[in-house]
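Look at the two complexes coming up: chain A is in both, with chain B in one and chain C in the other.
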Partner chain A sequence: MRTSRFTIAVYLAPAILVMAAACLYPVLKAFELSGYKWDMGTAASSAKCVGFDNFIAAFSNPQVWSSLSTTLLFAAVCVSAEMVLGIALALALERQVRGMAVFRTIFILPMMIAPIAVGLAWRYMFDAQFGLINALLGVVGIAPKTWLADPTLAFVAIVIADIWQWTPFVFIMMLAALAGVDRSVLEASRIDGARMWHEIFLVKLPMVMHVIAITLVMRLIDAFRVLEVVYVLTFGGPGNSTEILALHVYKTAFIGQQIGVAAAVSILLLVVVAVLSWAALRLSNPMKDSA
Partner chain B sequence: MTIDRRSFVKNTSIAVFGAALPFSGVFAQNRFAKYAGKTITINVPAHPHYDAMTKLLPEFTKETGIKVEIDKLAIGRLKEKQLLEMAKPQGDYDLACYIVMWKGEYVAKNLVHPLEPFFANPALADPAYDMKDIIPIYLENLGMVGGPKGYLAGPGAQLYGLPYGAETSVLAYRKDVFAKLNLKVPETYDDFGKALRILKEKSGMGALTSRGQAGHQAVHAWLLHLNPLGGSVFDDQWKPRFNDAQGVAALKFLQEVVATGPAGIPGFGQGESNTAFLQGQAAMYLDSTSFAGVVSDPARSKVVGNVGWALHPRGTRRASQSGGLGLTIPKNAKNAEAGFLLLQWLTSKAQDKAVTRLGGAPIRNSTMNDAELVRQYPEFEVFREALKHSNPDWRPIIPVWDRINVQALGIGISEALTGKKTAEAALNDLVPQVTQIMRESGYKI
Partner chain C sequence: MSGLELRGVVKRFGDVVVVKQLNLKVAEGEFLVLLGESGCGKSTTLRMIAGLEEVTEGRVFIGGRDVTDTHPMDRDIAMVFQNYALYPHMDVAKNMSFSLRISGVAPAVVAERVAAAAKILNIEHILARKPKDLSGGQRQRVAIGRAIVREPKVFLFDEPLSNLDAKLRSHMRAELAVLHQRLGKTTIYVTHDQVEAMTLATRIVVFDKGQIQQVGTPAEVFNNPANTFVAGFIGTPSMNMFEVVAQVRNGELRLVGDGIDWAAPQWLGAVGVKDAQPLTLGLRPQSLSAGEALVNRFTLRADVVEYLGTESQVVGVTQTKDERRISVIVPGDARAMHRQHVSFCFDPSALHVFDKGSGASLRPTINDTLTYTNKEMTP
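== the complex of A and B ==
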């Protein structure tokens, strides 16, 4: 039976409308704002059209480029670590072991905590005077560190907090994907003499590559949008060593009151994330196969 | 200059009240009747002073019949919410708490009511209010906009808000540690610098605690030394002068504070800075008077009974900070008049004493001189003296200050505190950026 174009349109329309309202409208609004000079707290009608001035102001600001490189480094380190750890954990815990339900629940707890609370908790843990991390380092004889007062250590601190919070996401995605791997294929590989490493790298992971790609894209997008944890933990400092682009956008918009410039920078962020997502999906695009 | 400014504040208040006095008695008793049963909304930060205020509100409702809803936010999120709220045709806030630095911007954007018309309205004004009793420097610093430089008292200045949670700077020190080391409380910046080294080497704890986190916190810490050392952010023509000898000296002093203080100052916000002193990790504290209530609270402080108070040390001049919080009435308030009644009630003599008893910060001379309260808070004697030296030009409260503060100075100073740049290089590198921001904001420099 052939489905008419009309039926397809009717079924798709609600989803398209919701997507347009929830996703497309804010993006278009950001494009619009980037062409105006508007002060928060004044009427929208008082906004002045300034053409590409906001883009010129944004792209000629060295802080934007240093924030972009901080963000790229942050995303690269965090997402790589989360993918490796998440996949390794999922492979280790996919088997039926006693108490597995408890383990799984514990592992996904960090993801459920509000980012502001995560930031605060880590701020206390990294405290130079009273923090848990320094106390633990002291047990193994390492001198206390001033985590949030040193540019390199502060960057390490935001990376650790992000890995702690988001590895569970990779873990549950991979756990679900691995559960769907056809057992008969695994048995066949074993009959053919595959060892555990062969089974993992030549059978299991290639079979879940679609999920790995999607998870990677979702983590990349999220890593570029991280704001609250860094806001609370370091507020971009010391200096601007942890000022990732999302925080730069926030400061430009709400402290500097340059809404238009902030919109221009957020469009830069959008372009970078879109390019990276496209590259990640080239690894393995589930939508392409089903088309 | 000082006499002119103070007399201006005094005269303004007399003029406002002089106008209201002949009629006020007639309306005094039923001032609230018209608004009884209404609900007003007040937007406040999570802050010890406003926590104390919250406890007074049931009494206000009992006295007036006006119900009060509180919208409490983290202090860092207050402004963005207020700007969004105040830009609507009709906002949700009838009274809003602001940080001193925002006053110019709110007035420039026409977002808040001037208060004179309310005080001149005999149907609303309380004849016993006594504006002259409000500490003049607080009234000027928090409330006045439109005068000299845009934010000082003088010709053109109008009252747009009232201080509520205002503060100045004082030195707190560990009496026990100073006695043990036979150390004199620093009177001057020379003594102060020497004390930092001695305390670092001999006390077994950090010398002076300080804020230092990138952004506002680092700038706040630097300003604490810049003013007494004779510096200022801009000259009289609004040209940056913060990189001159005084500016560099202040930043070098702050670097010394970091080197001799509790570990981690370049990451410290106000909370961490306070905690270091409260937990006995630092021998001195130089910051807001709003800290006093917490220091004597055994639940939060390990140093109760061991803390002495002194004036902010003298550099090339005697100066202490001016700043803190105030209350204002948004232009788009639904119940501006009822909002004013709450503002007037909270800042009245009786309620100022009441909030102080609960650990809040007083704004009136009568409260600071109240015998019973001085017994409760002996440090008020030092605070009264500090207020005499409080500098209303502590920081340039121009609308664009927030941007300069957080996005320019706050980053450069932080870089100097971690050793990434020298004090000279950090400040020199900031001049082009700050000059550009000033030019973009319309200053012809």
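== the complex of A and C ==
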């Protein structure tokens, strides 16, 4: 029996309406805001249409491009490290061994902590005088570092905090994916002569590539949107060395009081994330094997 | 030499013994079928041969070499799985050549072997397709092709046809038989389907509760079942069973039970059956004839008559206190018997006689076979 177009539309309508309200409206609103000069605290009706002036102002600001490059570097380093670590840990811990369930639960705890709390915790750990990190470095004879006062080390600090919090996400996604791999295919590969590395790289990982692609996209989007941890840990400093784009948007909107310019930068962020997500999905289309 | 031998093989999962003291020899080129119900230990036995399951006790030999502690790839075997177990992300050619590629075989040799296997299985036209684009039968062929290209000493099949529809299963069964004749490789085949076992096997190993019940050619296990389990398991419809006691009357051995007073087969007197000894009788549905022409008789109320074209299956109950359900196969169209009381008769030699306590067949030749089975199997 062929389902009519009307029936399909009726079934899809609620989901489309919710998606439109929850996702599309804020995006459209950001587009609208980017075309106006609106001073915060004044009536919205007092906003003046300025055409593309906000985009011109945003794109001619070297700090925007600096923030974008910091964001790209941050996302590239964090997501790469999280993917590699998360996948490696999932492969190591996927076996059904006694006590492994407890270990897995402990391992995903960082993901459950509020980002603000994570930022605070790491801020204390990276403290130059009293921090745990310097104390541990001291044990092995390394001089204390001014983690959050040095541009390179501050960047390393926000990267470490992000990897610590979000590697567990990759880990549980991969654990679930690996649990779904047909055991008999792995057994067939063993009979075919596959050693551990063959099994991992030629059988297991290609079989969960659709989950890897989805996880990569989700982490990529999240890495571009990260704000709280950086806000608490460095507030973009020292200088602008850790000012990622989301923080730049926040500062432009709520410190610089330039809502329209902030909206224009947000749209730049949206375009960058959309292009990268599209590219990641295109490279490993998760739906192509489901037909 | 590419035979196979299991010596005292035991498999335990915790306290549960799944396979008990298995001794079996498989000759080079033989097609051995492990037959039994689900959970009887046949697949576990196959997996132990493959090296996918650890052997708790005993040793496994392939081609005279002890492979008990050897990695599956070093056992010189190939296995075809029930769900095919194809690599979903590789095309057919890559699936078939996987083992050769990772073991560093020259690309030209790989291509040659894949092409040869594809030709044998008639799958040359689907080499570029992914498994998701194949039908069940094609997937099965690819799985067999993957096994063939390795040129192993022993082929292992784990219920390879059970995911196929009836028509395709019958077709693939014939193809497997032809393939075995062509390649002549030692093959161990697990199934719960007795038709597959009867049609493919050079010998059948009947399993129950982790133990071998009988090893023999299809004709041996059908005509001379070693015990009541094998008698009931082999044959469609199942063998009819009757509880009786032996009775010596006027020097003649009779088999007497509820509504039964039958002459015993001639050989029964020679095996030391005593007066009043409880026995179980087995009678194949195909051994019965309508009428009263033969010496042993009984009457049946035909409740169901299933017309099957060349023959009919009559299912009814005996006119006795326990109203025993009996199946009979009669030639041609027997629908006229429906709801009638019909007399059936049979020759005493058609009876299979089992000890009621142990269930073992009392026929002398079977006893010998059974003892032999539990010690050591040779082809």
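Observations on the structure shown:
Everything that follows uses one rule, which is that the second predicted complex is superposed on the first by the 286 of 291 C-alpha atoms of A that agree within 3 Å, B and C clash if a C-alpha of one lies under 4 Å from a C-alpha of the other, contacts with A are read in each partner's own complex, and residues count from 1 in each chain.
Assume a residue touches a chain if its C-beta (ideal position, glycine included) is under 8 Å from a C-beta of that chain, and two chains touch if they have at least 3 such contacts.
Note that the structure is predicted; figures quoted are calculated from it, not measured.
Model built by superposing both complexes on chain A: chain B and chain C fit together without a clash. Of the two partner chains placed around the shared chain by superposition, chain B is the only one that A:P238 touches, whereas chain C remains out of contact. When both complexes are overlaid on chain A, the residue A:F254 reaches chain B alone and has no touch with chain C. Taking the C-alpha centre of chain A as the apex, the lines running to the C-alpha centres of chain B and chain C meet at 150 degrees, rounded to a multiple of 10.
Shared-chain residue A:F130: touches chain B; no touch with chain C. By the touch criterion defined above, A:I191 lies against chain C but remains apart from chain B after alignment on the C-alpha atoms of chain A.
Contacts of A:V203 after superposition on the shared chain: chain C is touched, whereas chain B is not. Between chain B and chain C, more residues of chain A are touched by B. In the superposed model, A:T146 lies in contact with chain B only, and not with chain C. By the touch criterion defined above, A:A154 reaches chain B but does not reach chain C.
No C-alpha atom of chain B lies closer than 51 Å to one of chain C in the superposed arrangement.
In the superposition on chain A, no residue of chain A contacts both chain B and chain C. Contact residues of chain A toward chain B in the complex are 39-43, 63, 127-130, 144, 146-151, 154, 234-240, 243, 251-252, 254-258.
Residues of chain B that touch chain A in their complex: 79-80, 82-84, 86-87, 105-106, 109, 111, 212-215, 217-218, 262-269, 272, 275-276, 279, 281, 402-403, 406-407, 411-412, 414-415, 417-418, 420. The touching residues of chain A, counted against chain C in their complex, run 182, 184-185, 187-194, 198, 202-203, 206-207, 209, 289, 291. Taken together, the chain C residues at the contact with chain A in this complex read 50-52, 71-73, 77-79, 81-83, 85-89, 98-99, 102-103, 130, 132, 146, 150.
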